[in-house]
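You will see chain A twice below: alongside chain B first, and alongside chain C after that.
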Partner chain A sequence: MSEQAGMMNLLLVDDDEGDVFMMSELLQEMQLPIELHAVSNGLQAMAYLRQEAPYQQASRPDMVLLDLNMPRMDGRQVLSEVRSDPSLCGLPIVVLTTSQARPDIDTCYETGCNAYLVKPFGIDGLTDMVKRLEQFWSLLALPAHET
Partner chain B sequence: MSDAISDSPQAIHVLLIEDSETQAVRLTLELEDEGFKVSRVSSAEQGREFLQQELPDLLIVDYFLPGIHGDAFCRQVRLRPETRHLPLLILTSETSNLTQVHLLDSGADDYVPKSADFDVLLARIQAQLRKRATKSHAPVNHVGFEWPRLLAIDDSLTYLEYLAAELEQEGYLVETASHGLEGLAKLEQQRFDCILIDLVMPELDGIEVCHRISQRSQQAQQPIALLMLTSQDNPEALSRALEAGADDFVGKQNDVVILKGRIRALLRRKFSQDENRRLMQEIIQTKELEAKHALEAKAEAEGRAALASQLELALGQLQKSSQELEQLAYVSAHDLQEPLRQLINYSQLLGQRYAEVLDQRGLRYLDFIGRNTDRMRHQISALLSYLSVSTEPPVFQELDCRILLSSVQERLMPLLQETQAEIYWSHVLPLLRACPRQIELLLWHLIHNALTFSSPERPPRVSISLEDLGSEWRLCVQDNGRGIESRFYEQIFALFRHLEQRGASSSISPTQTGQSSSGMGLAICRKITERHGGRLWVESEAGIGSRFFATFSKHPEQVMLQTSVLL
Partner chain C sequence: MTLPTDKSTSFASGAFYALALEPDPDRRLRINQVLNSQSLAVQVTYVEDAEHLLGYCAQNPRADLMLLKDVSPHLIRQLRGLEFCRRVPIVVMTSAQTGSGRLDDYYRAGCSFCVRSGSSNAEEEQALRCVLQFWFSFVILPPRLSL
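Right, the complex of A and B next:
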């Protein structure tokens, strides 16, 4: 995988093909310095992060966008496993889900997510969110990550 | 009126037993002048009958009466528990010491010489009534009171005749039988209190008769005093008689006074035993009745408890199924958002990227898709908001409504500016113990409602007050809007209920206000008040404005346990 300087390597973990496609469509149009990778469940996500087969070539992402409700291994389990893994625990993780339930939000922050976002309705909201994420990473998360 | 003697002597009922007409009329008039009620009879036998019907408050009895004399009558009155307590004065012309002693022996309370002034009699009467005034309880059971009845069984007719005359003179009702079988036959037909039996008789001897009567009375549980009459001293026969059930025995050769005394003693004992038995029975009956009542009460309480627990169970099941239903509705509504979101996103993307490719008609199609997906989105979000009131556990805390009101005002700012509305609330509002999220939601809906249904003639003015009513708080949101007709008062709180055509109510689009009028706002508000143990209602005047009242319990946690969420 190409590792361009200043490019944000973003891993999207979502089982919904429509959401993944929408994200790639928008990123393509917005021409932000973001390189998008996507996997569709928690097991794949852990394999990707640990560069296990078939992701031996994968590079460590700068940020993970994590859906909560997925088959096989859901977002909560991924979050908890990443935080308890010494080699991964510093990874910025943003939960991106449809759930607005208070318990979900609380649990995710307690387990150590860096932000909790509700999937927006409408293109404008979505575009806006992606822009902010990129800014968040480049202005705040990146310096912290590098030191 | 039993206690009043001097105050209302008219209540005092006197039975006068006097055979002399002149004497009787004079006394009656004098007594009636003093306010007494007087009944008069002219013989002891009539007096006896009178007492079987009615008990007076006082008896005045002439000593020398034809037939039974006054002293014998008095002894009879003293014998029965029913009449024992009656004050009794004897009128006499004899005043010798012997007579006086004799009279008082008979049980009379006092005696008055006929020669004495009426005043003397009156004074004696008053004295007697005063003495009795303290014991006001009437004889227990006057019904069934009967005069003592005697049966004498003897084979000597001469003796029987003599005995009957002596005893009748003494005030008894006397029957006779000349042999044992006749006596037993009479016993079958009539009730007797005392039976006198000759010890030695042909055929059935006295002991056998005594034995049979005693057995019979034991079986019937009607004790009868049995007195054996003996002509000679025969200790062996006497002890057999006592074994056979005789209560006492008297030698025929003795003075008849002794016989009378024995009879009186036996009867007194019998009557008091009767009375005791009656009282015991009454006590037992009362106890049984109490036990029965207690049992009934217990059964009733158990029945009620069973019913209550059934009801509780049914209510619990109802609540559970209603909760499950709401949970299901909540999850379904929540899951519907996902496909809807993509529908919205992709139709927008289509509109953006392919605007040039599509013709006018195609763009119109997309417009309809967009409007309806929007509408669906707001409907679902309102439904979720409604359901979350009951599916999400509320967190109760002390609330300052002014903070919530400021926040709501800020959220409604675009609508406020557009409608030139003004919102007022007092600087001092009582603290509320409630769920902040829900109260804010309620305030938002009520104020939004007031702004939405404003009058076309004037800008909306909304004033909010909160009152402490002791056991609960009452919130009032008052507007100057177009008002609601009273027949719609309940309809507006129902789910998905719009009184006006969609779009006609307001020019404000849902995206501007952040929340559309989905027809669920007031239903949500009502649910919130119910969750807080309160109510929500409206008072309104068409063209003038409306006042929405919401009450909140001061102990919403307790309410939560009792009433549950019902759709």
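Right, the complex of A and C next:
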């Protein structure tokens, strides 16, 4: 977990500004112990995770919520790079996407995603999803990591 | 090898299959009770120990989720090396503390999530309830392989 005791440090990788905004607002409104950081494509995500410019000061997240279809570098490539990088390979990654296509589900589990979720529609669906995620996350035992 | 498995069907027409390494009959009963209390249509197959688990998993097991308690990270790695188990989500119920090196080993070995097992029966049931609800009513599980 992050420096603040009990806070989960979560990285959201999503190019949809509306989804990022809603997620951020919801977490704030629900006062969940989650510190949210967001980037909008796979290249930024990899730079963030490797603490490369401009993210040298970023803490390593406890978990990543990863969209699949993004410009520049998509979520499938991020998943594959993370799993093949010895310093990142144990990082929990939950895919959060609109895609329900079997090839995407197959590919993500083959590549090593920890869970696959489909983005809900509307604010009620998102609220429900965040509540369920938070319930599950509150039970998790996560590894320490160097910052 | 004869595999002394005990299939406990929560619902006759179970839509999902779980595989649990659980030698304790009382704990098996608790898992079944949690499933029944949540009306989750899941058929659980229980195995006694790591050897039986590996033997069962080498033979095209029906498993949408594996639930393992305090197993070794090495066992997770062995499971991930089996064709039929590469993509199946593995949840480890553990007493390891957040931040411990053992958790890092679990995640690096390919476990999907480590969940704190709780220090009492009530806590354990609560954790089980949340885990089963999350995986079987929320997550998109990997499509079954037909090899």
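The criterion applied here is as follows: the second predicted complex is superposed on the first by the 139 of 147 C-alpha atoms of A that agree within 3 Å, B and C clash if a C-alpha of one lies under 4 Å from a C-alpha of the other, contacts with A are read in each partner's own complex, and residues count from 1 in each chain.
The working rule: a residue touches a chain if its C-beta (ideal position, glycine included) is under 8 Å from a C-beta of that chain, and two chains touch if they have at least 3 such contacts.
Being a predicted model, the structure only gives us computed values, none of them experimental.
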item: Room on chain A for both chain B and chain C (clash or fit); value: fit
item: Touched partner set for A:56, first chain B, second chain C, both or neither; value: neither
item: Contacts of A:91 with chain B and chain C, given as first, second, both or neither; value: second
item: Partner chain(s) touched by A:102 [first = chain B, second = chain C, both, neither]; value: both
item: Which superposed partner A:16 touches (first chain B, second chain C, both, neither); value: first
item: First (chain B), second (chain C), both or neither touched by A:110; value: second
item: First (chain B), second (chain C), both or neither touched by A:136; value: second
item: Which of chain B and chain C A:31 touches, first, second, both or neither; value: neither
item: Contact breadth on chain A, by residue count: chain C or chain B; value: C
item: Minimum distance between Cα atoms of chain B and chain C in the superposition (Å); value: 6
item: Set intersection of chain A contacts, chain C complex versus chain B complex; value: 102
item: Interfacial residue positions of chain C with respect to chain A in the complex; value: 86-87, 89, 94, 96-101, 103-104, 106-108, 110, 112-116, 127, 130-131, 133-135, 138-143
item: Footprint of chain B on chain A - complex, ascending; value: 16, 18-19, 22, 25, 98-99, 101-102, 119, 121-124, 126
item: Touching residues on chain A, where the partner in the complex is chain C; value: 1, 89-92, 100, 102, 105-106, 109-110, 112, 114-118, 129, 132, 135-136, 139-145
item: Of all residues in chain B, those that touch chain A in their complex; value: 334, 337-338, 340-342, 344-346, 348-349, 352, 377, 392
